[in-house]
Amino acid sequence: MSASFAILAALVVVSAIAAMTLRNLVHCALCLAVTFIGLAGTYLQLGAQFVGLAQVLVYVGAVAILIVFAILLTRSGEPGPGRQFSATALMGVGIALAVFAVLGKVITSSAVAKRPAPPMFDGSKATVAKFGERLMTDYILPLEVLALLLTAAMIGAVIIALREKETK
Amino acid sequence: MTELLEQFPVTLKHAILDVLSKFLPEWLLPIASAILSITPILIVFPTIFALTTVVERKVLGRIQNRPGPNRVGIPLTNIRLAGFGQFIADGIKALIKEDIVPRNADKVVHFLAPIAVVIPALLAYSVLPIGKNMTALDLDAGVLFFFAVGSATELSVFMAGWSSRNKYALLGAMRAIAQMVSYELPLVLSTVGVIMMTGTLSTTQIVEAQAGGFWHWHAATPWGFAAFFLFLVAATAEANRTPFDLPEAESEIIAGYFTEYSGFKFALFFLGEYLGLFAMSGLGITLFLGGWHAPLPALEVVPSWIWFFLKLGVFIMFFIWLRGTLPRLRMDQLMNLAWKFMVPLTLITIVAAGVWRFMDPGFTRCLTVTAMIVVPYLLLSNALFTARGVGKRTYRYAD
Amino acid sequence: MNPLTSYLLLSALLFSIGLAGALTRRNAILVLIGIELMLNAANLNFIAFWRYGPNPEALTGVTFVLFAIAIAAAEAAVGLALIISIYRHYKTTNVDDVSTLKG
Amino acid sequence: MLGTGILKGMVETAKNFAGSYVSDERLTTVQYPEERQKLAENTRQFPFLVFDGNDPLAGMRCVACQICEKECPPQCIYIEKSKDKKPDHLGKPQFYPARFDIDISVCMSCQICVEVCPFEAIKMDTEFELSTGDRFGGLLFNRDQLAKSNAHYNKIHPTEAAEIDAKRADEKIKAEAKAKADAEAKAKAAEAAKAAANTPKPAPAPQPPAKPAPPSAA
């Protein structure tokens, strides 16, 4: 476990907790953006350059902005006087803790944990050119389907959010 | 001599590193190397920013038939330096001004926003090839890095506008985000042709693909010229320059998202904006104008980094000229231009670039590709001119 | 602890944080943020397994993550559109109050 | 075609840019502290009080009628009437302002005081370099600061001042003529009275009133 991983992991975890607990929704969204940046850093550290940068482009540049706009459009930026957590909050935290306990137990006790670290990964084997080649050959069909999905999602989002015509 | 000058910054860095290696422990050396690569960026581009503020005001003055700032020189003397001491005076003023934070403002976000504006702008320089072997961070996906970092600016603009608790600031931030999101699409799409032709996202390799005179530059091909033109328009909009300076339209919403900023924080916004502009110009040079390559092979005696900065200077002058000429657009015109004109045309240039790639070189190829771009341009501009909202305005009572 | 385990644990922690948020917060937007975090935890898992897996040259993990990111973007767009639409109808984004179907 | 207008504009600004270096006539501004533009004759900044002759107090045209004080929209004029009287240019005894203050930081240069003044005593100055270190006292002008000679008035607004001088000279001639006529009538009456009384006595010479020097036509 290197120092850079420790820093990135701390950044991700702290900002994720902040994103889930802060009262002000805009602060939550900004913390979420920090989480995304930290995750992108983790991806870069793992040698997935293209995906890491795509993560920043899509999540910080688009999804975070989208969330912020939604917060402003639904006027929930200013937290009300009421409770921020639902009635079953304790149960939810309990479930999450249980899930983490199970996952942690599984991870630490699995065969993967005992496997020695693989040899140093050669970054030149995962170039953008190779990645593009894979996308254009093996994964061409999923890519096209994805394009269709994105178009459909865009049209769907526009139609859902479209102001209903005032008929009367 | 040429060789020495050519690689002077690189050799200097290695010399310093050699000296340092005697004192520093082994694990600190990569960090020292990184710092030595970053420091010139941190010095050179803010200096260009400082000079640009004066040059811009002088050129704008000349465009309006007045001399522009010509007084401030060396303090306590009569030496005026043609007004080029102005930026020092401005800097001192910004530093010692009172920093006002609105009482209702979100203090933490209000404080972080100017920093969050400047950092992505500076990060973007790390992938720009300033000269031969002079790319601070030679990433395999350099262009993607540039756009990813650039898209992070939007959030900081929102932070500034939202945290000020001011309707003008929020309006300005909303305008800025809407504009940046809309123009990011044509900006990225206009670069796709170049990426397709060179087959790489690495800025260094894109520059290397354009070696050997200006006819090898991407802007010298019909599709490249069109893409370059569209890139220029989108870059102007991304950098919030006139005629796309709606986010800070001072006649409508005071100063947009930095209405509530004063003193040094305001200076940071100013710096971030100009750094963004230079970075965008640098990307335009890298992608379309041959990067640090000389326009003629005979001129390669001049060091590569000088060529880069010369081209950057031309870009800056062009942006100032544009600012001195064009009035501001209206919000609906801005959006119409982005979605009805820029996006279709950038898509067409991508197709044109593909056609260029697979046709045999010759006059027919040139003609076909030119026609592929010019005809839709004429049709689109004609349709837009007759359409409501974009075209010429008719006034009911004036005229 | 080998590197893969630490990445997996980070991912598990992120998933749990997202789950806790999605289960406990009352605002629909925050529920969506929690879901995004869970999705990102899964992405981190894919990248970690790809990097420390037996055959990183195949680029399967990263390709999957790229697709996941694209789908997440679509999900965020549609989800937020739904939230805005719900807000227009009920004038609230509180998930506890939007329970007409609960009976 | 989309874009031709932009090109036209760019050419125009480029012409201006280059032209401003070539010909100095294009430059619309001057380098202010060293060079100054000639002020237009109707330039106006803030009011001042006109006096005739050389002595500000003796020649002060203002009679402290306080019309301007009442008419001033931002109420920046403050006047205190004198207890005694001094003769005006026609020799008539008049009050004069014991105190006349204008707060020019309040004054809005509307010129209403000038319009309403029946004595041509208050006029608009062209002085604009009035910056001071003292925000309140420095911009509160008293009578002595406000008093400026008719020669100054003639210099800054020559046409207007000439008209007023002519009018005042006219008034004066008329007044003198009237005084003469009065004196003659008086003398006649006296003579008549004398004749009636039959006690011949020399008529008293009409005493010319102590009046200030005639306005110098600068």
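Going in written order, the chains are labelled A, B, C and D, and every chain counts its residues from 1.
Quick note on the criterion: a residue touches a chain if its C-beta (ideal position, glycine included) is under 8 Å from a C-beta of that chain, and two chains touch if they have at least 3 such contacts.
Every value quoted in this text rests on a predicted model; they were computed, and no experiment measured them.
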Inter-chain pair with the most contacting C-beta pairs: A-C
Relative to subunit D, chain with the most remote C-alpha centre: C
For subunit B paired with subunit C, centre-to-centre distance based on mean C-alpha positions, whole Å: 34
Centre distance in Å when subunit A and subunit D are each reduced to the mean of their C-alpha atoms: 78
Distance between the centres, which are taken as Cα means, of subunit C and subunit A, whole angstrom: 6
Separation of mean Cα positions, subunit D and subunit B [Å, integer]: 59
Residue numbers of subunit C (touch at least two other chains): none
Residues within subunit A bordering two or more other chains: 50, 54, 62, 69
Chain contact graph, described as a line, ring, star, complete graph or other shape: line
Inter-chain touch pairs (all): A-B, A-C, B-D
Parts of subunit D lying in touch with subunit B, wherever the complex brings them together: 1-3, 6, 9-10, 12-14, 16-17, 19-21, 26-29, 31
Of subunit A, residues touching subunit C in the complex: 1, 5, 9, 12-13, 16-17, 19-21, 25, 28-29, 32, 35-36, 39, 42-43, 46-48, 50-51, 54-55, 58-59, 62-63, 66-67, 69-71, 73-76, 83-89, 91-93, 95-97, 99-100, 103-104, 107-108, 112-113, 115-118, 121, 125-126, 130-131, 134-135, 139, 142, 146, 149-150, 153-154, 156-158, 160-161, 163-164
Contacting residues of subunit B [partner subunit D, same complex]: 59, 62-67, 321-322, 324-326, 341, 377-378, 380-382, 384-385
Complex contact set, residues of subunit B against subunit A: 106, 109, 139-141, 144-145, 147-149, 151-152, 154-155, 158-159, 162, 174, 177, 181, 184, 199-202
In the complex with subunit B, residue positions of subunit A that touch it: 24, 26-27, 30, 33, 37, 40, 49-50, 53-54, 56-57, 60-62, 64-65, 68-69, 72, 77, 123, 127-129
